[in-house]
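Next come two complexes, and both contain chain A; in the first it sits with chain B, in the second with chain C.
Right, the complex of A and B next:
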């Protein structure tokens, strides 16, 4: 919350720089505009879910149902309208609202049952995955052609998804640092009891962070659909753990209450860049996993 | 027995210890005094090997020593008991005492029988009765302290350091602790005792060393000091009067807080409290008598099961701190780290937390206004922090407490409930906090003050209510206040009927 440059804060930008340099050396196409676009397109889903996870973790929780929400959102979005394009926009809104509702349910369960969020959200993930696979054992559905623009169109050379992500990051940063809700998130994440005794509403704040996380997860699901044109029941599988990495690399305290979005943004860039770079280096997927682990 | 000479220790930006000398001999209780930040803790950590000094020598039993690690100091017989006890709540008393050096059987297994027997020996040396098989988490804090001391004894302790041991216990437990410490002293153990409570020093200590700003100020036998000279040496200036004068009482001021028949089982069982505007009403009683729970029930942070609270005639609903704050109740909690400070947030956010709507316009926080308020309070209350945007966690207890007081003053309260407002706060800051409380009352705020420090209750309050086992035992007017009159009520058998408010 306090703007101070610490040595740790410099590590991530430095790593970014190193990754860029290595990329430029390894492959001449790495620093081209084409790859930049490609890179931004890959960035979006990870960016969305990291935003949601950042809210939850700052508020003192953790959300492990992000991937499952994204997958369910993907299959529902591609399947619900049944080919009738007129129904697509309503189903898009429904899916996004549903994501927020499932998130709110996560929050409500942690708050009222006082069960650790790890257990609540893992349980929720399991339930949702079950529903997803019942509805769509394999990829199904389709999207209107225009919706693929969400992933592939660009404005003045910048992909739409990148623009949206940037805007959402700015709005979220503003909400966290400049609104009473943001202040409550930090206060509750830092010390919920002290926050309660200061008259801050703790439970609604926690529920809202999970709802936001659910919303962002559904948005990531929608983005996948727009990229692939189909609802893949495994679309979000990797997202849950992926959403944690930038948040932690970005310096948000896992216990809650401390850290800023700037770090998360750099974290998202770094992780995506690393993915992109490893692709260019023609390494197998498994070696890529190994590298990311480092 | 132990002698530290010309110890220097610096941290970035601060010279924490500057040529400090300290010596204590076997069989004495030596009080180490000083305000927060005077360097007491640093000196103890140097003594116990947790810090390495830049210069200076440590001599133990005539042999110069250099500690490379705390373990070495411990093996040499130095044992420190910190305020936060380091026990394992799920293990038994005996297991805690012999953790890491349990007696073994021939087969290398832990010899439970021998361990329990040795525990009984250690406890009987202390003169304390405790079941060695009891789970430590089930014991009272006072008993846990005894387990810590017994643990030290099991290590053949020569030098025992206690850091504010009475901050967490009260009444009879303090008496018992002192009795046990004297017994240890008579067996030749050197005890270094740190406390902010001057009465205890006079009751317990043989010699005194006073630090201020990392330097030696005075040292001598306890007979060379009286209360005033002790305070003067610690604070560096005479403390004309610790307590501000009481104003001429207006017993006719309107009643602000009327709490009727408050029940919060099992701790509060039918209590009535009235506080008038401008009045400071003390709530005395043993720890566990239900004072803190009564405060929570009035504030609404614990939901009362029965009873009515009104503030200037307006109903205060049960169990909703936010609404209570809106009505004008402030509550300074007992445990400022767990229940008060928002440790990760800067000073200004800590002050404006209960009052965010006042600093919001069009949905956005007005940070410049928040910072300005904090800057004003930092100056007004003389809070020693770098600035309104700096953190609060590393501040001394007194400064943290002033920030929390500033938080509650900012809501312009009608009633302020203060639970142990000077716990762990040094003498100089105490006097300032007393002055702030009195000034607030002079502005017409009703103050309900909970304190275990009787001199504080006697010095500051206009009227005192005494609680025992969840009931009001009686009421004392300012003229009738003395340690005896309060203790008599606090330990009486039945409520003194008719005297209760």
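Right, the complex of A and C next:
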């Protein structure tokens, strides 16, 4: 249902189980509804960007501009409406569409210039970071109070961000496994030349995967704004590399064409649970870094 | 906020008392030499009134569970500050049953998650050194609305209502004092170079603005160059070496907002072949190496620390909150003016002589003003925390 789970991804549920057991033993507040809610809220941004990165990598590319898109989206979302609440929803839509457009530009440059996506997206990251810092050298702007609900409110006890993330994972997994577009992504990622010779539209497929990645990066930026109430020019800094970990841990091959979103979802759970667990273990910071490295 | 703040005039006397406790109680608990042990002078000289916060609604019986959300341990000052928090938690083990600390590694979004995790562990009070004033504002506000008192240390969050008390040191007073000394040392006339800290960081920007305010009132002072240094000795040296190449002996004074980069500047003058008596007047405290250089080479110097002992004071304020004692909305910990003998000017007098303050026996990278006694060494410090 949620995609092709690779054999490597089977290790992840076991690690999740171990993490949950350790957490339950070391701190009685770990396995509580309160922490489950916190944990769900904490994994949303990583979940969004990992989804986008998964599409790009499955299609044979890589996106190193995710963090820069998220940061730019954050400062624009907080700043564009200039305190006028009526302009906030249009700003949000504009920012999400802008994220997709920048992503599509990444894809277009990759197929048009035939330059490795690593270089294209790294270059794009540098350009976007420059624009972000020119617009907002320091955190700026604000959001309507109700928008904080995206980060902190729940529906029937489940955080809104968690519901959205779950829904997005389900929808995208369906798209990937049940639609011609999904099959094209696997075909292009597996062997672009063979896909082209088979008459598949390679270039639009690649461009669409980058556009999706850009959209999800902008969504993550918007989520950070709802959590912090401000557009921080460095909000997305850690997201680029972070987005790769769940994808790889989840069993998607870096070369593309193999793996599924089920593994990525478990990867997101594992990485986020690790951060959460280490806080509950009250370990020294340096020990925490060591643990995350492992 | 309006609910907490009581009549300011009526409470002024107790404010003095509480600030004395907050700012200096630690001095009594740690053996330090030649240190001022009265209330912080910034409190006494503050031309405004100090809001006093009624904390009776937070009063609880000990033992307490305190959560500390730290922004970063990214430089030596931050490490020393954190040690101060741990040191004072250890000194109050009889009142504190559990101390939980998280570190956001400079990432504001991670710090939001850290605070969520702390709140879920039923802490009685949240001590926070926010990575940024704005980004931490909503989550800290949520803590307050849940009835968990927040004490902000070193840096504050944006909204006044979102914390009970803010413990810090006055960046503006520190910068004004050193800038005024420089003006008077040069007889109101000379070419100077400004070496602020990290571009965009609020302490650096505040200090630079306050110093410029002073220099703007001295028409004979000409600012040759202003270069941010990121509070790094290596950057300080590199940047000043380039400036020396350009201006040479035309540089008559160097205003640095900290000895972190100030020491690098002195090293640059020595590296460029300046003799000890040719090094122009310098400002900047914090780093023992800066004091050691001033003592060794005898150039005109003023040192004022941005005292990391505010970590100790923050724990004292936190305990006062949980004991239901009124606390000032803002606590400025004291700093001392350190001058070599004979370097007083008409407005700026020494609180302590350089000769008595410098630690020639200690490593150069020791951050001064830590308040943890003569034996404190950041490399071997081990906190005696409640388990």
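Going forward, the second predicted complex is superposed on the first by the 282 of 294 C-alpha atoms of A that agree within 3 Å, B and C clash if a C-alpha of one lies under 4 Å from a C-alpha of the other, contacts with A are read in each partner's own complex, and residues count from 1 in each chain.
The rule is short, and it goes like this: contacts are C-beta pairs under 8 Å (C-beta built on N, C-alpha and C of every residue); 3 or more make two chains touch, one makes a residue touch a chain.
For clarity, every value in this text was computed on a predicted model and none was experimentally measured.
Participant: Does the chain A-based superposition show chain B and chain C clashing or fitting?
Facilitator: fit
Participant: For A:257, decide between first (touching chain B), second (touching chain C), both and neither.
Facilitator: first
Participant: According to the stated criteria, A:200 is in contact with first (chain B), second (chain C), both, or neither; which is it?
Facilitator: In the superposition, A:200 contacts chain B only.
Participant: Between chain B (first) and chain C (second), which, if any, makes contact with A:180: first, second, both or neither?
Facilitator: The first partner, chain B, only.
Participant: Look at A:132 in the shared chain and tell me whether it touches chain B only, chain C only, both, or neither; answer first, second, both or neither.
Facilitator: neither
Participant: When the two structures are overlaid on chain A, which partner does A:65 contact: first (chain B), second (chain C), both, or neither?
Facilitator: neither
Participant: Return first, second, both or neither, reflecting whether A:191 touches chain B, chain C, both chains, or no partner chain.
Facilitator: first
Participant: Nearest approach of chain B to chain C by C-alpha atoms in the superposition, in Å, rounded to an integer.
Facilitator: 38
Participant: Using the touch definition from the top, list the residues of chain A that touch chain B in their complex.
Facilitator: 1-2, 178-180, 182-184, 186-187, 189-191, 193-201, 253, 257-258
Participant: Using the touch definition from the top, list the residues of chain C that touch chain A in their complex.
Facilitator: Within the complex, chain C contacts chain A at residues 73, 100-103, 105, 107-110, 112-114, 116-118, 120-122, 132-139, 142, 200.
Participant: Contact residues on chain B for chain A in the complex?
Facilitator: 299, 301, 321-322, 324-326, 331, 333, 338-346, 349, 353-354, 356-357, 360, 363-365, 367, 389-391, 407
Participant: For chain A, which residues are in contact with chain C within the complex?
Facilitator: On the chain A side, the touching residues are 27, 29, 32, 34-35, 38, 41-42, 45, 137-139, 148, 152, 224, 227-230, 232, 234-235, 237-238, 275-276, 279-280, 282, 285, 288.
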